[in-house]
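Shown next, in structure tokens, is the structure this report addresses.
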Amino acid sequence: MTPSSIQAQKSKRLMVFCGRSVPGLGEKIAETLHIKLGDIENKTFSNGEIYVRYRENIRGSDVFLIQSTSDPVNENLMELLIMIQAARLASARRITAVMPWMGYCRQDKKSAGREPISAKLVADLLQVAGADRVLTMDLHQGQVQGFFNIPVDHMTALSIISGYFRLKQIPEEEIVVVSPDVGGVKRAKKFAEKLGPKVDLAILTKTRPEHNVAEIMAVIGDVKDKVAIMVDDMIDTAGTMKAGAETLTGMGAREVYSACTHAVLSGAAYERLEDSPIKEVVVTDTLPLNPEKSAGKIRVLSTASTLADTIQSVFLDESVSRLFEGDDQLF
Amino acid sequence: MTPSSIQAQKSKRLMVFCGRSVPGLGEKIAETLHIKLGDIENKTFSNGEIYVRYRENIRGSDVFLIQSTSDPVNENLMELLIMIQAARLASARRITAVMPWMGYCRQDKKSAGREPISAKLVADLLQVAGADRVLTMDLHQGQVQGFFNIPVDHMTALSIISGYFRLKQIPEEEIVVVSPDVGGVKRAKKFAEKLGPKVDLAILTKTRPEHNVAEIMAVIGDVKDKVAIMVDDMIDTAGTMKAGAETLTGMGAREVYSACTHAVLSGAAYERLEDSPIKEVVVTDTLPLNPEKSAGKIRVLSTASTLADTIQSVFLDESVSRLFEGDDQLF
Amino acid sequence: MTPSSIQAQKSKRLMVFCGRSVPGLGEKIAETLHIKLGDIENKTFSNGEIYVRYRENIRGSDVFLIQSTSDPVNENLMELLIMIQAARLASARRITAVMPWMGYCRQDKKSAGREPISAKLVADLLQVAGADRVLTMDLHQGQVQGFFNIPVDHMTALSIISGYFRLKQIPEEEIVVVSPDVGGVKRAKKFAEKLGPKVDLAILTKTRPEHNVAEIMAVIGDVKDKVAIMVDDMIDTAGTMKAGAETLTGMGAREVYSACTHAVLSGAAYERLEDSPIKEVVVTDTLPLNPEKSAGKIRVLSTASTLADTIQSVFLDESVSRLFEGDDQLF
Amino acid sequence: MTPSSIQAQKSKRLMVFCGRSVPGLGEKIAETLHIKLGDIENKTFSNGEIYVRYRENIRGSDVFLIQSTSDPVNENLMELLIMIQAARLASARRITAVMPWMGYCRQDKKSAGREPISAKLVADLLQVAGADRVLTMDLHQGQVQGFFNIPVDHMTALSIISGYFRLKQIPEEEIVVVSPDVGGVKRAKKFAEKLGPKVDLAILTKTRPEHNVAEIMAVIGDVKDKVAIMVDDMIDTAGTMKAGAETLTGMGAREVYSACTHAVLSGAAYERLEDSPIKEVVVTDTLPLNPEKSAGKIRVLSTASTLADTIQSVFLDESVSRLFEGDDQLF
Amino acid sequence: MTPSSIQAQKSKRLMVFCGRSVPGLGEKIAETLHIKLGDIENKTFSNGEIYVRYRENIRGSDVFLIQSTSDPVNENLMELLIMIQAARLASARRITAVMPWMGYCRQDKKSAGREPISAKLVADLLQVAGADRVLTMDLHQGQVQGFFNIPVDHMTALSIISGYFRLKQIPEEEIVVVSPDVGGVKRAKKFAEKLGPKVDLAILTKTRPEHNVAEIMAVIGDVKDKVAIMVDDMIDTAGTMKAGAETLTGMGAREVYSACTHAVLSGAAYERLEDSPIKEVVVTDTLPLNPEKSAGKIRVLSTASTLADTIQSVFLDESVSRLFEGDDQLF
Amino acid sequence: MTPSSIQAQKSKRLMVFCGRSVPGLGEKIAETLHIKLGDIENKTFSNGEIYVRYRENIRGSDVFLIQSTSDPVNENLMELLIMIQAARLASARRITAVMPWMGYCRQDKKSAGREPISAKLVADLLQVAGADRVLTMDLHQGQVQGFFNIPVDHMTALSIISGYFRLKQIPEEEIVVVSPDVGGVKRAKKFAEKLGPKVDLAILTKTRPEHNVAEIMAVIGDVKDKVAIMVDDMIDTAGTMKAGAETLTGMGAREVYSACTHAVLSGAAYERLEDSPIKEVVVTDTLPLNPEKSAGKIRVLSTASTLADTIQSVFLDESVSRLFEGDDQLF
């Protein structure tokens, strides 16, 4: 007798594709997962329009698209949006936008009338294009998770960075972690805790002694004779980092380090860091660095294995928070 | 000849209705606007279900619904949602949810795996019920604006509070503004700037000197012989404020004040404030206070005229940011 | 050669979590399914806000959340909404809101101008929070299914209740099923049919003999010397049930029973039932009963096995209507 | 100096267009409003596809589209949907679908597994096409209002019909209003109340005396020597009405009338009514009648002025419930 | 120990159901797939409303619904929409609307003010009803794919038709492919390429030699002594095909064929084709033909195996474009 | 007595803002409307992120945002999206995206598997950002209108261009309008009709005489001794135009002109046009031209007054199609 249906076993398939912003990071992630990067054609026509085509079948797959929306941010964002839409139209089962660095994430509220909230716009664009999930790292504010209606896996590289500093074996009581501004004190405190209970905390703040007088930088907390580590989520133009290092040195700090997850490094950032009293700048590979300029003080740690582990956990429905809890207990 | 259409002049009509959480504030706002509060029936059946009915025609009106989602937060939120839906079904032209205090706004990101983002949920609920706009005050994090797809007018009471302190005429150089925790330093700095360029800044932070030792509170910055003003967006159980005041006194502060916009004051908050070395607690009327308990140290400033001005500007399509810019220039 | 994808077998996993409204029912359902209730933390802060956290990994699971929106209805509804959102953000594969009793379901249309349709609002809230399906029982009106855009499995406890009455072995021709009002005649007829073809039907109706005269209750149909069973979807304040029982007794009914699925029993309901000529009140456990007051006449039948069977069928993609068809053939 | 904006006075414009299902009703409504029906081209191509084009500018207008989704229901529904979409694309300010009769409204819940809820589907279709509001009459169940996310103005013709019967001056105590089935008792009771406090109520119910025996019709309540008025929302095949009239006559009713809002009258309905003991069938013009067949017993009352009044109130933002409250006080 | 979840293997199940427009095509597709057509009840009530019920369990299935929206287009479209909604409410896992012919697809843009874009409306209706995918053939314009937010598998029958002509073994250099109007030249060129590199191309165009003179048909390109094959996506009233054939014959074409995918054939189409100089009309079975009238010149090719292959590929997550690429290489 | 509402007259206000892609066109449009361009700050940070702020109040205004998404297309698109979102958050009453040229509009369907439909993506992005309407010109395919759920006003510059050629007073019978490829014949025919009934039509087509032989360009239709005008919606790399002109010259055309609305002119386009036998290239100002390179053969016509008229009609709710009908009658 003819049956009225066809049965088939259901399996799932993980595929990873990479945009043109961070090809190296994509390669490393794929390597860690023991797969080849998926075959995709990404090109820009002479009129500036981007074209994308998947060169292998992705029907029913669990697709992870790796793209940092680094400079040129609008090019990279649009490339990611097109990759997402094409994957949806090509019947991927689930699409995860893996954005180690999410551009525009600092424009996350209106500070003045008639401003945009660009980070919310980016969230809306990713969703309307067809992303089912987002995987990102050290958002400027964790609240940006709430801009999405889809699940967000929010990783952190703080442990990678603090792990690196622990290898230097500086005595805890000689370290002071410094927040470069009043908005980042919470992050600085978390980082200090990862380095040990006796690590101190200080805050840099810009202040104007009187009306019509130029702003100066002041330190709240004690840094004298200490090893100061300025920590932030990102370094952009490096102006604050340079001024901060000078202030800290002026206040008697023995050595000054600078650390962050996202090395945006725009404008004269490389030059400023080079010219500053900072001894070493510790960053990660969530954005591509300028290989010619990053030779000197800059030390780049890789987030590839963290990202690969998370991708695998998401694919296998295993706990992701577990990955970071285990981490916490090391410190 | 018969025409094929009827023409009519188009006018707009502002109406204000108030839920049962802050009836006094609603009355004051209406008074400032020189109108009566709209006639609405809000009741709770014996089985706990809420019923709402507008007792006057609201078709085509620009309706403002005033409700703080204070304790009992779920009752007050549901009442507001029902008011919004009923207004939509009754063909109001535009519905603005005026929430001087937005409950659940602190649960604004996932800090641990498998947590909710309740503030985002509240935003989603308000929108699905039919709100066209939200008007609120001193959100715990300004980023919560981005949880909405509808425009949010975000007011602040910082100027009302700083204005009150300026009347005390304490010399600038004797004041230190204290953030009760590492997450509120930015707000404290803004408040300090409103009081004058010479006002100092300090931060309270909980720290654990060694593993398995109880947390203690420490001060970063100098408070000795100063008048300390601890400022925050809200006071909930008042535990931090009490401990902070004791620490500041212990570190030699001359006098300690406490200030916030939102007087949540749950649990033993009233008792804690009474028992603490705090001289005066300055709050506003965005939540209803317990009249029996708030007699002593608590000073309540009203936000009614700020809210009424904003409502009128929204109705008349006038700039709202203008209201707060003018304010800034006073300082 | 490195493959370009990772393959994995796909399995599915059923998990059941229970809110704080009907913990006993949740336990019984889990027991019937031979699993433990999932580990979840549900708590209320001193300021009235609810917090929820899943204590075990639910990624990729088929999650069933059991919560009756019984009194305190707004607390229980909000708890359910937060559970749903947290499950969605924690990447559950599918979320079914199991609401044995759906509060607000009587406010299902506008009977007067400017009223809400609260049942529709509840449907909208559940969906925006992230529910994929709803499983509920004996809705006041079946049409409420259409308020949802997601599939609704609509169970009935009529067979459980009629089965209980059949055990009493009252001769069919001595029974009259009575609808307590004109809106419930269809349900009463269905119930009568379950008891046997010779069972009679009668209707209670409130009527006002003349203008400005108090309403009295009248019976349409014959109840003299019969065993009258008043049946409804719910008993709330029990006012109608008490007056009905008195009227039926006055019209010569030999014995009066009262039966319903949902024992809302608000206000003075327990006292009214106790004081009435009703011999026995048959209800189910879709809402929690007051254990102190429900000792006397009230008989509680359990819906746990019906709900467990349905949950299992939904999980295994088996027909749900089949469960209730089989039932029909017994009568 | 050049200004940076152009100002213009804002007015609103009401336009009424009519589909091809009830041209006569559309004409009457326009007449009552003292306007011409809007100029629209509605045609069907030889391949069965419908084409619609507005022949006059409707930008910014408040457009009311009159169309009953009567037989051929799918043609009429699709024509309405196309009219709505074309109006939206042509930049109408607001679009109200005026459906005196809403086809598919009886399929309003799942009574068996794997059935559609077609009434909900129709609601979804109207909304996705672009309707901003719906205006309809005597829905089979009022709950269908909740299938829409847009405001629904739900009119009733019960007063028009009861007004007609009051003109007959039958003494109240001689009338019994009869619900033709157990689902319509509420409506019958409301109608009886409109005729006077002494008017009685009875219910027709189909019952099966024993298993495997044909269903017979029974009356609950007393009809002997009375003038029986069977009332329902609609008459479709008229089978129940005919059988009901015969049963009522058999039980001694002096005269039998039949009344409803919606004269669907499909299949052999006209013949059945003609052949039945019904003296007069009172209906309204919400559906087009077959002029050849409706000569005899059928009395058609017009809903045009009720619909026109409602349209005008909606346009002018005046209360609509007011129209029907006044009515209630007459009885 | 009791586990906290139930595990089950996940499988998938393909089911095919067919509406009443193309029962023969449905049967052939099922046969090719070696399954029985699913059991569904589709009926029309005497009042014109359609009713649908699935007679077997479809929970969790991958459901394909076959329905051409051929004349009566609105009936067939509504039947499909109801089938989709019922499948969604019955918890199908995925629903694919298989529309070999999509009615209304020519009304795909506004050519005049205040027109509808009916093809977009149809897309919106299918999506709001609950379709997850669409599978269709030779859309009038491929751009209609972009009217959907869901994936569209767009098949072509051009290879089936060109394959048939290749069997005739007409020498390439004797063939001219003719586009019957200026909008179809691209399709004609593609078809010509499938027949061979030496096949010529010509275009028919309507032109008006002077103002107020009737339009005449002209040929651009050379057809003298050639075998002309007019090719289009559809033949509707066949007016253009008849006039085109006469013009081509007049210009010296040796033989004239007509070919299209969709045999709409409305109005006097059959008669016109019979009366024309066309030798053979080659069509497919995407629409049902009138068996009485299609005896003569009309040759019907079947699309069943193409559709069945595509359905199977979609079900098994295999590449669909692969099916058509292989095809291209044959020519 | 205090009133319960405030009344105000309702007026509307038109404001025009311009992005950075076509500042000159924006200025001309504003000038035609006799207003100043609205004051807006558009800037790009050193990290590549765009920032926008409205420098004047836009609450309640009818805002028109002029931006061509020309090269750099992703920058210009993102700037437009941010302008739209900021306008929505700033409470504009209505937002119209005026895109004289819509980038990505050629990627309007999938021609191969796993491609994007980028034009649909752009439509989705504009809508999710908050655009209420779109105003654009000469879309590559008119069907792209259907990619939007919001109204699209689709202008054409064909009359502007044909008007320019009529001024040359070339005798009708000496002109042949040439479509540069098989997809543009419809547009070429429309253009020919605007020039006069005796104007001829020809088509350029690429063809491959045998397998593995290079494609050559052929002409269908007669061009000998004629003035050939190649017309298209856009000229991008100008490769087809150059080859076409050479082919036409080779076939005996007396003179060759090239015309289009959108002068994309990417890559070596300017050089190719210069090197070709084309006598004059007629374009419009919907994209910014390279002033250094466009000196020679290129003639730029302005669309500013057409766009300004349309904006004014949209603002005043006047018919827009009227603007283009009048035009048609001139020819």
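As written, the chains take the letters A, B, C, D, E and F, and residue 1 is the first residue of each chain.
By definition in this document, a contact is a pair of C-beta atoms (placed from the backbone, for glycine too) under 8 Å apart; a residue touches a chain by one contact, two chains touch by 3 or more.
Model, not experiment: these values are computed from the prediction.
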TODO: List every chain that touches both subunit C and subunit E.
DONE: A, D
Open item on the list: Spelling it out: a chain qualifies if it touches subunit A and also touches subunit D; which chains qualify?
Closed with: B, C, E, F
Open item on the list: Using the stated contact rule, I'd like to know whether A-B or A-F comes out ahead in C-beta pair count.
Closed with: A-F
TODO: Fit subunit D to subunit F on CA atoms, both being copies of the same sequence, and give the resulting rotation angle in degrees, nearest 5.
DONE: 120
Task: Chain pair repeating C-E, as identified from A-B, D-F or B-C when over half of the contact pairs by residue number coincide - done: D-F
Task: Centre-of-Cα separation between subunit E and subunit B, whole angstrom - done: 61
Open item on the list: Roughly how far is subunit C from subunit D, centre to centre by C-alpha average, rounded to an integer in Å?
Closed with: 33
Task: Distance between chain centroids, defined by C-alpha means - subunit A, subunit E (Å) - done: 49
Open item on the list: Among all residues of subunit C, which ones touch two or more of the remaining chains?
Closed with: 9-10, 57, 61, 89-90, 110, 112-114, 117, 120, 124, 319-320, 322
Open item on the list: Which pairs of chains touch each other in this structure?
Closed with: A-B, A-C, A-E, A-F, B-C, B-D, B-F, C-D, C-E, D-E, D-F, E-F
TODO: Over in the complex, which subunit C residues touch subunit E? Could you list them?
DONE: 9-15, 33-39, 56, 61, 133, 151-152, 313-320, 322
Task: In the complex with subunit A, residue positions of subunit C that touch it - done: 2-10, 57, 59-61, 88-91
Open item on the list: Please output the residues of subunit D touching subunit E within their complex, sorted ascending.
Closed with: 45-55, 57-58, 71-75, 77-78, 81-82, 85-86, 89-90, 103-104, 107, 110, 112-118, 120-121, 124-125, 127-129, 236-237, 264, 266-267
TODO: Going by the contact rule at the top, pick out the subunit A residues touching subunit B in the complex.
DONE: 108-114, 117, 119-120, 123-124, 141-147, 149, 154, 182-183, 185-186, 188-189, 197-198, 201-203, 205, 207-211, 220-221, 319-322, 325
